[in-house]
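One chain, chain A, links the two complexes that follow: it is found with chain B in the first and with chain C in the second.
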Partner chain A sequence: MLKRKDQIYAIFVRIIFIIAVLCIWEYVARQELFGERSNLIFPTLEMIGSAFIRNFTVGYAGISFWAYIANSMKLLIIGLAIGIAASFILSGLSMVSKGFYHIFNLVVSIFDLLPGVALLPVIIIIFGIKEEVIVFLVVHAVLWPMSRNVLDGFLAVPKIYVEAGMNMGLNSFSLLGGVYLPAAMSYIVSGLKVGWARAWRGLLSAEMIFGIATCPGIGMFINQMRTNMNNAEMYATLVVIIIIGLVVQYGILTPIENCTVKKWGMTK
Partner chain B sequence: MTNKILQINNLTMIYENNPEENAVIKNMNLTVDRNEFLCILGASGCGKTTLLRCIAGFEKYSGEIKVNGERKALPGTDRIMVFQDFNQLFPWKTVEKNIQYPLKKQGIKDKAKLKQLSDEALAKVKLTGYGHYYPYQLSGGMKQRVAIAKALALKPEIILMDEPFAALDAMTRNKLQSELLNISIEEDCTIIFITHNIQEAIVLGTRIMVLDKGGEIVIDEKNSIARPVSPASKGYGELWERLHSALYKNA
Partner chain C sequence: MKKRILALVMAMTMMITGSIGCGTDKQETKTAEETVTLNIAYQYGLAYAPLIIAKEQQLIETAYKEATGKDVTVVWNQMNSGADINTGIASGNLDVGFMGIAPAITGVVKNVGYKIFTNLSGQEHCMMTNDSSITSFDDVINSENQIALVNVGSIQHIILAKALHENGYDAHALDSNLVVMKHPDGMAALESGSVSCHVTSSPYIYMEREKDNLYEIEEVTNAWTKDNSFIVGVASESLYENNKEVYDALSEGISDAIDYLNSNTEEAAALTCEFNGNSLEDELTYLQAGNYTIETNGVYELAAFMKETGFIEELPASYSDFVFENVTGD
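Moving on to the complex of A and B:
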């Protein structure tokens, strides 16, 4: 774990970096360095700031931006929960049955390469334009990278832990929960990081391609702003997307890492 | 309960994809009495670790291994293995939880009872107060002590030790040897201990065996030197010579 001094240093350099980037941005915007399109490419910080507030107060189509965020998060959480649970179940079964392992390994390799949006036409035919499509895409985005990590993690468990577990009388399923799962924790944590990022991006792109009237989300909002040339609002939405990403990273994933693999001395 | 805690009849073990003449262990017969401390010496590749792994139930073999007259084919808590590798403790559990976990799996649910058992076991290996440490915070010698404590807490019929001190420095090794000797005298336990080190075998064992290729037993005798053994003990020199020449006769 970082020492206090290192932590303060890390925060300090990051703040300096962010301020520098914002200064350059503002300079480019004020000088209109990109000619007449400059306001569209680089709106001033003031424009983005007021658009940020307008997003939440006025919103779009009579719906506040909060509602769009809530809709996106709802679909995201459902998809993540299904995807993560499925990856554990399927990877677990792969460790119990050799045949299942070979098949699942192939399936993961195939589907991990397929972009979710490429599947979109098929999924829309199956489900229609409904919330299920987005959930399906989120599951697709998280399931394969997560399974790859969990599988690799299970395979990398040192033989001595498994034998020590067997010596205690653990067998297939108790061995899975008692030894394989905690021993593979560093792989699982990195799987969560990759899986969550893929899911978040998959969700936004799906929402941008088609919006669902009953459940409009952040991606749809950003697309509407683009259509109407409200570029400051668009940037303000990107800021929100980044903020949500950072909150998940530092508010959820880092604490998970700190109270497992870091605490156990399994990573630095 | 019979006095013969372990009976091995006609044990043969061939690793997968090997021809029969490459058997690691060929037709071995061995009987171990209750409370014996059997030290097995042998050059690398003589099959001593394989023998231990067969007894522990980690390998498929032909022949018969009986503990207390019952045939054993699968691993179980009646035969606990202490490995050479320092990383045999689960890094995700504290020292205390490492000891308590197998006890819990055996059906002891009462927290106070578990705490009492792990404290007792830690006291036996002189690690009182280290219960809340994680394994990565311990030295190699301390990890091996915890592994021994974990084995003792389970009260197995046989403790199988596969060169547990081989990776330790000489001083720590001597210290752990004398502690293990005291434990084996005070506790009611049968130990099979594998080593490359002749001094270790003479200091610890009540019975000493030397294995040759294919698990052939070339020496098998009771250790009659009065304990605690030191190089100045009567008979130490002759025994050392005898074991040494048997061990190095092919070298």
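Moving on to the complex of A and C:
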């Protein structure tokens, strides 16, 4: 009963917060606080709402906004899948081989510091101008923070669990699946959250800097709207980005968290 | 709890009121001292060379002093794109901006609140290819060949569309072949074979022309020559209406800078080469290849083309809607 009350309270305060932010936005826009051209750079909610509908019904240059979203999501999902799988494989190998752990730990520390877009010229020379470049940048965005979390999670597994597993006759690889993975789940879920956010931002940044006309994404759409001074359309696109982010957060990541670490009593 | 929230709200109100109060004080002090500040935004490259001269020789400050006996503080801001400058002027944070003719036309049409107050330069533009079998648009349209250029809707994109249109093709026939990247990245991609073509402007055009394995598609070169406007200066309508003396000094300062560049090109090159990252010899060659003049050429023609091909939604009635009264040209 108490839990239900807490949930209602959480939803209530969030709705109040969102309404407050929207009211402040509308007040600033209506009062034209940014000068006489305020509506051009800081449009009202009504203008953003109309632009939101226009994005989906008209699109840009004959291409529907759905196509931009589909292209971005396709590259994101491929990049995320490769990044997450690679982080598990490489972190798992680090637990099996000490030599590999030392090298991989160094590699993670180095590459986690490098912004993906700074690597763009090198990546273009290696891969050419293809969708794979953006996939690579997404993998780069997700692999290192995810690996750091998984590694930290594996290292935090109490020694007694590992020894218990070994006494039960588990070898190196079955220890990974039977002991390390479940015990490090709270770190892994946290890594997923960080990795998803980094990948999403990395994708949009890459698309804003490097746009392929055959595969136009949401980042390229924002860039086109900025170039054409269609700021209401640009803000409407940011709303779409937020909505997609919230859907992933509350529709995918939170259920994963609820079904694992929360269900197992590892976190509150 | 309620008292705490009330205290917090009061504290915030006091802070806001305080900061507004401080702002008013500062404004009053400024008025008392009669200090005028002119915020100018420009971009990087050879086409902006006269601005380096105006900045280094303080030509705007001198023109204002001679006309009024007072001082003007000119703040030069280097920005990345015409879109950023448009936002800066619309928000009132910038008075003047220098940008490509395409974003300037977009800004006027979108009612950002500025007009063109001077032309700055014209430069050559071209499409280079690394594939000797590409000799005309027919070899690129409906192919998988990719064309690198700086942005969709940029002047390079519009020149490409214009070249297509003038040669009997659909202006957007190559839109699906475009890859957006900055000029240096585009040049590197062309040289490495990552893309087949690169639509660019000076100085990259000269560097690419020197390579034996790169070839020029003449149609693009002829679509918008160096005699046409490429970079223009825009000034906010509020500057023109409320501070005409500063506006006049600005126009005179830029005009003097262009005169200096044209009559003392070697000295100008010595001044600008360091800022543009070129050797003195290269800088001189590049400056001599450009066309620096205050007279616009082809502004309304380009705007009409942009309207016809869907780059802008509306077309103002005449050339005078794009420029202030003192500007000559078409």
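Assume the second predicted complex is superposed on the first by the 265 of 268 C-alpha atoms of A that agree within 3 Å, B and C clash if a C-alpha of one lies under 4 Å from a C-alpha of the other, contacts with A are read in each partner's own complex, and residues count from 1 in each chain.
Basically, contacts are C-beta pairs under 8 Å (C-beta built on N, C-alpha and C of every residue); 3 or more make two chains touch, one makes a residue touch a chain.
All values derive from a computational prediction rather than experimental measurement.
Asker: Taking the superposition as given, does A:118 touch the first partner, chain B, the second, chain C, both, or neither?
Answerer: In the superposition, A:118 contacts neither chain B nor chain C.
Asker: Check whether A:161 is in contact with chain B, with chain C, with both or with neither, and answer first, second, both or neither.
Answerer: Only chain B is touched by A:161; chain C is not.
Asker: According to the stated criteria, A:213 is in contact with first (chain B), second (chain C), both, or neither; which is it?
Answerer: Once the two structures are laid over each other on A, A:213 reaches chain C alone.
Asker: Quick one: name whichever of chain B and chain C touches more residues of chain A.
Answerer: Tallying touched residues of chain A, the top partner is C.
Asker: Quick check on the superposed pair: does A:263 touch chain B, chain C, both, or neither? Answer first, second, both or neither.
Answerer: It touches chain B, and chain C stays clear.
Asker: Looking at A:183, would you say it contacts chain B, chain C, both, or neither? Reply first, second, both or neither.
Answerer: A:183: touches chain B, not chain C.
Asker: Any idea which chain A residues touch chain B in the complex?
Answerer: 158, 160-161, 163-164, 166-170, 174, 178-179, 182-183, 185, 260, 263-266
Asker: Please give the residue numbers of chain A that touch chain C in the complex, ascending.
Answerer: 34-38, 40-41, 61, 120-121, 124-125, 128-129, 209-214, 220, 223-224, 226-229, 231
Asker: Under the stated contact criterion, what part of chain B meets chain A in this complex?
Answerer: Counting only chain B, the residues touching chain A are 56-58, 75-77, 79-81, 83, 85, 87-92, 101-102, 105-106, 134-137.
Asker: Note which residues of chain C are touching chain A in the complex, please.
Answerer: Those in contact with chain A are residues 81-83, 86-87, 90-92, 103, 106-107, 110-113, 146, 148, 151-154, 172, 175-181, 185, 188-189, 192-195, 310.
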